[in-house]
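In this document, chain identifiers A, B, C, D, E, F, G and H correspond to the written order of the chains, with residue numbering beginning at 1 in each.
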Amino acid sequence: MAKVRGAVVIDTEACKGCDLCVVACPTDVLKLSEQVNAKGYNPAYPANHDACTACTICALVCPDMCITVYQLKPEKAHD
Amino acid sequence: MEDVKLMKGNEAMAEAAIRAGADAYFGYPITPQSEVIEYLMMEKPENRTGMQVLQAESEVAAINMVYGAAACGKRVMTSSSSPGISLKLEGISYMAGSELPCLIANVMRGGPGLGTIQPGQADYFQAVKGGGHGDYRLIVLAPSTVQEMADFVDLGFELAFKYRNPVMILSDGAIGQMMEKVFLPDQKERLTDKEVINKYGSWATTGKPESRERNIITSLNLKSEVQENHNFHLQKKYKSIEENEIRYEAIQCDDAEYIMVAFGTSARICQKVIQLGRDKGLKLGLLRPITLWPFPKQIINKLADTSKGFLSVEMNAGQMIEDVQLAVNGKAPVSHYGRMGGMIPSPSDVLVAVEKELKKIG
Amino acid sequence: MTEEIIIAGFGGQGVLSMGKILAYSGIMQDQEVSWMPSYGPEMRGGTANVTVILSDDRINSPILNEFDTAIVLNQQSMDKFESMVKPGGLLLYDPNGISHHPKRKDITIATIEAVKEATLINRKTFNMVVMGAFLKVHPIVKMDNIHRGLKKSLPERHHHLIPLNEEAIKKGMAKVQIIHKV
Amino acid sequence: MTEAVITPEEIIKRGKIVFKKTKNMLDKTLSYCPGCGHGVAHRLVMEVIEEMGITEDTIGVAPVGCSVLAYEFMNIDMQQAAHGRAPAVATGIKRVLPEKYVFTYQGDGDLAAIGTAETIHACNRGENIVIIFINNGIYGMTGGQMAPTTLQGMKSSTSPYGRVVETMGYPLKITEMVAMLPGVAYATRQAVHEAKYVRKAKRAIRKAFENQKDKKGTSIVEIVSNCNSGWKMTPVDSNKWLEENMLAYFPLGDIKK
Amino acid sequence: MEDVKLMKGNEAMAEAAIRAGADAYFGYPITPQSEVIEYLMMEKPENRTGMQVLQAESEVAAINMVYGAAACGKRVMTSSSSPGISLKLEGISYMAGSELPCLIANVMRGGPGLGTIQPGQADYFQAVKGGGHGDYRLIVLAPSTVQEMADFVDLGFELAFKYRNPVMILSDGAIGQMMEKVFLPDQKERLTDKEVINKYGSWATTGKPESRERNIITSLNLKSEVQENHNFHLQKKYKSIEENEIRYEAIQCDDAEYIMVAFGTSARICQKVIQLGRDKGLKLGLLRPITLWPFPKQIINKLADTSKGFLSVEMNAGQMIEDVQLAVNGKAPVSHYGRMGGMIPSPSDVLVAVEKELKKIG
Amino acid sequence: MTEAVITPEEIIKRGKIVFKKTKNMLDKTLSYCPGCGHGVAHRLVMEVIEEMGITEDTIGVAPVGCSVLAYEFMNIDMQQAAHGRAPAVATGIKRVLPEKYVFTYQGDGDLAAIGTAETIHACNRGENIVIIFINNGIYGMTGGQMAPTTLQGMKSSTSPYGRVVETMGYPLKITEMVAMLPGVAYATRQAVHEAKYVRKAKRAIRKAFENQKDKKGTSIVEIVSNCNSGWKMTPVDSNKWLEENMLAYFPLGDIKK
Amino acid sequence: MAKVRGAVVIDTEACKGCDLCVVACPTDVLKLSEQVNAKGYNPAYPANHDACTACTICALVCPDMCITVYQLKPEKAHD
Amino acid sequence: MTEEIIIAGFGGQGVLSMGKILAYSGIMQDQEVSWMPSYGPEMRGGTANVTVILSDDRINSPILNEFDTAIVLNQQSMDKFESMVKPGGLLLYDPNGISHHPKRKDITIATIEAVKEATLINRKTFNMVVMGAFLKVHPIVKMDNIHRGLKKSLPERHHHLIPLNEEAIKKGMAKVQIIHKV
């Protein structure tokens, strides 16, 4: 079955590593990085990116508007 | 004779606000100035010019409504009397800090506390030294006639917008309640929203078009360096006001051997004192500051070269006297004559005080 | 010419509006005027008084402690203001309700039975009867300026009352009695 | 071609954007603590304004509180109001610019403590404005003091042993109070700590602004939010605590519509 | 060493209030002084001494709670910072007018408006000239160490009750937030209700027994004559305070050729300036007013006979300088050096200013 | 001996006094306008205090408003409070003298306009005090301006063409609002313009003070009253108008008990 | 039938002539006087005193506490 | 003797409490002390710093613009405070997170890998590792005064943590490296 696929871009410098997106993602795409950013936070990143469904849940709960979500519909994937 | 009217000072101020093209008035009743809002409500200025009038739930709310409307580039006014002005001080400090133009009338009564509703001048310090917190200045106009109550409204607005600074009309219950003949100014057109944007769009919050950066009205600067720069900017502005906006009336000062300094109602009384004194051969003069801030320091200092001394006549325990002393700077003796608690000095009592001082000086 | 007047009585006697009409009449003859009321909650049922000044020159102090004329409409005001009339001045009063009559000899004293006279016309014209009495004794404003003053100070919707008021003024002029003249 | 070969990079390149930051939010890092609900609330308001096409016609009022700097992030004309006075400030704006959209954005200390009178009277006049009310049960800005909405037994820096209602008063349901007023067209309580709540909250904010368009009177949208700093919890824990404790006392849903 | 502690100024003030036998504290949080109420809440003084502590819904409510409790003859305190103090001014004027003792701390920040939360001294005028309406005076104590933050609490209460007048501790964010070594005073017993009645029953509203007339706390006098007499009484009291309660510290003034005048945090800085100056051979001194009102006029006037000039060093645009000028009365030049917006003058910058002034004087 | 021969003089001499002025009211002429309801309300409060035997233990708080001079007439220890702040002042008193009885006596402008925040928060804390709230729909003291409780269409000196609710707000039922608060033990609305109402009002005031004795929290007794001066009517007409108009909008009875 | 009889004493100097007692009295005992008192008011007086039943209604509504009410019970009247 | 110290880093690194322990230790050896923090909302996640002065004499200005010692725990603080160390003074820092290392030659520069070392004991002892490093290079307070200072500044319920803290201090003393000495 052709699934809708998604991907996220996270602004790691704006991210404050609050963990809310990580907890919210229904398909466990996200994790907090071990690296710290300039402000001393461990930013989120898509550790399991292929599982992303573009559901936007992570973006909806991110207080810092760090996440952009892209969606590719199956038919598009085939054209 | 078309526009000559017999009006209370409070009413004249209200009518003058309509005619000055004011956009809004926000106030809360308090004696002796409730006629301002009552007159406005009776006149339905929303029909005459579109001016909005609202009775707020408190003085605190009123001054903050003024803040909101003034920040939109509008001509906005409020008025109150002593205790009500105290409640407005946080808001006034905010407006000064945010550089918002507005007109605030204090029709003073005798304090402290609830005090009396009779006239007083004991809010001089509050008005000119900054009753609220922080370094700020109000331009303070002191009318001494009903005519000036009317005239200082437009003048006040003009100064407020010229300098983006709150202006205070510091009056008292006597002038507010008294009726005199008053020549009313012509109706000024209110600016349309478009005109406001053209004139004040660079700072006023009128809605941000794509074409400009957003406008922000705030007095907050979390960084001290930034706040200090803002303060330096304010102080520079105050300096330029001091250089350009001093107003006073020198009455029979030219040949005066002794000079009274008085504003508002007290100045009215002192005019009579000059007359009584000159009848007795005493060459008295009166220096009447019209702007209490900026204070007419220089002229007083100059007069100190020729005058034997000064009497600061005030309806308080001695407040303006400090500014007179600072102006005179030790060149001549400065004394104070005052009544308090709503009492108005009588011309004869002031004359007695003058004679006593003259005797002391010898 | 400067005339300094106090009008004093109970709240509700029309003291303030009488002063206002007088002041407006002064304006009508191109004078400077001032009208300074007592104000505040003590007016409620208590006393009311107003200081009116008409002058050919700039008026300095609008607040006075002596008067050319005192118009006195109750005992409290008599107690307070009799002594404040300048020597040679005028004290006019309605004897109705006055128990201690004035004793000064250095001023002109006149009376008007204004309550009585007004009741015959219309209770509300009381103050105009007093006005008439005053103007008779001390004609500082001309009748046609009083007419214009009335017109200016009454709202449009009350202009039909002007004739009634003028009738009262005339009555006052007719009925005033000079008790003592200096 | 199986799906697995489409890399995220390709999706980003070829896919359509289904979520991005509204252009009404400036490109600056928010000053809030990590995980603070203020950010989501900011975004929702700005998204609604963008979507309604009223960006040029909206004036916002920032309070005193953590969101005092809202004007640093929202790309519209804004005023900063004295503590508690935003509804009075908004009244002033709306009275002279009745065709503009005006909203306040206030914390619980600001709106329900010092600003109680201004809140109630603006609502009672039915000022045609939107009030966004962030209820995080604490004074965030000043370091976690007790707010009017602090729950019974809840610790704060001024109720270090927990709020004792007998001496410190009860957690105040001010939205229910103002809902009684005829001037209030719409009063609702929402949350933003989970996606499902975020979606609803946005609809509520939209409705509030639509009411203003239709001149219906005051709309107040309470948003129960976290203050992980003040509550001394991780963001994730604070949201759990919010769900279990705050929402029990402050139930979500429309109070008046 | 029992009672030596390292404490913030705010905490020291709070602890000192408990130990001074204070009966109640009412306040509202605001930076940089929220530690006062936080410390009190943490300490549970209701268990230690029975002292009541309540977070009010606003500064306006807080000062009026103080009014109510103070009118019962109790030792009551509040604290805030600049904008919050502005909101309290109506209440402060009421308390002065009603002659109620109380202690108000202003831990100043930079203004005007919301300004910054960093330290400032720009509420000097507000504190000493009367920010509220009407003629009234606060006794104003200016601590410059954490120790004084503690010490001035009991002193403040004593003065407040001695004169039945509000007393203000005018501090700033630096002293409030700073920790220093502090020796804490012993615990004073709180007065029992009975003792309060014995001591203050002649005026305090503690419930009217058959045996006395009712007590009324009010600042209202509808009759001007009565209000004026009340004002004369207040002025007489203020005069006696001016005669008896002036406090200052003269640091190396004896041989000083040039004198800085500074209070609070600024005075701390100036102590360093003396040292830097004397290292360079400049004979500098510091006159530190401890009571800002009553102001140490006489000593400054006397020092003007020997000093070449004065520099008023303040964290504001120039406020206390006016009182220095009034004291000096033209005998010597008076200048001002100030920083604003939360900036604290650095000793070296002040020294540069001093040197500039000295060059001018020649 | 027929009854007719007993003259009133004899009745006065030999009869028993069934009504006389409470000794808690001083022998001074009240400063109120003829027919003003403030006088009756004063009397009831003072009677209750006398009857409960708590005269020596009661501290009253007079507001700013026509009743600012209440302390001139009530023969107990009293404080005059700043406009709107009586509940805060009473809080201060009660916190330091918890065993004393404390009441405020406030007008509608005082309690429901400028004092809204203090009223609501004292009630929300459940301060163990009594609030007597005289609702006469106007600012009496200052000369008849519009109050929060002025009825729709009602004229006042600041609503000379009648209150327009759209711009001036709605008549505020603040007693209903505070009745919602858990801190409030008792909220009731009474009147004093007819004997039957006077009797009920007194019972309500009694209950309020009994609550304070029993440490039940805040009791608020609203008294719908006249202001014939402000309303520009005779006292008799004002009472009729009150009955027909005020009571229609502000119905009498217990709101919470 | 032996009726309870009443009588009122009105403090005419305190009375402000508000008319409320007059209107309230169920047996029309009271009237306003033609004479004015020192404050200029027409005080109430018991014009029809014999009709008084000591019901206290007048006193209950009097805002100025001018009225004292006396009651004589029939049995008392006969002893 | 007077020692003027700035300790600067991120909020949460224990900067303020390290300063407090130092100040309390000063009191324990009968010195005058002052502790002046930066304060306000910028502390939230942002930077935090504290000025600590220990002196045998009365301390005048608690606010300084040059220091005997700067203890720097992030890059921002390095940028700000490197230049404010008095010639001949000390700059101590944790190289972890520092991208631009100090360049001055007229001061002593020392480093301590405090994050690393603390992680081995207990993350929360980070600041005590730094303290140890500082005291090793610049022994202005005696160890037993530090002990007493710790006891005074920690609430009773945390006293069991004192040994852990002292272990950290020792670790810091052991691991500090002098990069440059004047």
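We take it that a contact is a pair of C-beta atoms (placed from the backbone, for glycine too) under 8 Å apart; a residue touches a chain by one contact, two chains touch by 3 or more.
Here the structure is a predicted model, which is why all the values come from computation and not from measurement.
Asks: Over the chains that touch one another, what is the least number of steps taking chain D to chain G?
Replies: 2
Asks: By mean C-alpha coordinates, which chain is most distant from chain E?
Replies: Looking at centroid distances, G is the chain farthest away.
Asks: How many Å are there between the centre of chain A and the centre of chain B, using C-alpha atoms for each centre?
Replies: 60
Asks: How many angstrom between the C-alpha centroids of chain C and chain B?
Replies: Distance between chain centres, rounded to whole Å: 34 Å.
Asks: How big is the gap, in whole Å, between where the Cα atoms of chain C centre and where those of chain E centre?
Replies: It comes to 55 Å between the two C-alpha centres.
Asks: Round to the nearest whole Å and give the separation of the Cα centres of chain C and chain F.
Replies: Taking the average C-alpha coordinate of chain C and of chain F, the gap between them is 40 Å.
Asks: Would you mind listing the residues of chain E that make contact with two or more other chains?
Replies: Within chain E, residues 31, 54, 57-58, 60, 83, 90, 94, 98, 113-114, 117-118, 218-220, 222 contact more than one other chain.
Asks: Which chain G residues reach two or more other chains?
Replies: 16, 39
Asks: Going by the contact rule already set, what residues in chain H reach two or more other chains?
Replies: Residues 40-41, 45 of chain H each touch two or more of the other chains.
Asks: Using the touch definition from the top, list the residues of chain E that touch chain F in their complex.
Replies: 23-24, 26, 52, 54, 56-58, 60-62, 64-72, 74, 76, 90-91, 94, 98, 193, 205-210, 214-220, 222
Asks: Which of the residues in chain E end up touching chain H in this complex?
Replies: Going by the criterion above, the answer is residues 4, 6, 31-32, 117-118, 173-174, 177-181, 265, 268-272, 275, 344, 346-348.
Asks: Flag every residue of chain D that touches chain A in the complex, lowest number first.
Replies: Residues 1, 3-4, 6, 8-12, 14-21, 25, 29-30, 32-40, 43, 192-195, 198-199, 234-236, 239.
Asks: Can you check the complex and tell me which residues of chain B touch chain E?
Replies: On the chain B side, the touching residues are 60, 82-83, 85-87, 89-90, 93-98, 108, 110-118, 120, 122-123, 125-126, 129-136, 218-232, 234-235, 316-317, 319, 322, 325-326, 329-331, 339-343.
Asks: Across the complex, what residues on chain D touch chain E?
Replies: Of all residues in chain D, those touching chain E are 64, 68, 80, 82-84, 113-114, 116, 139, 141-143, 145-146, 148, 157-161, 167-168.
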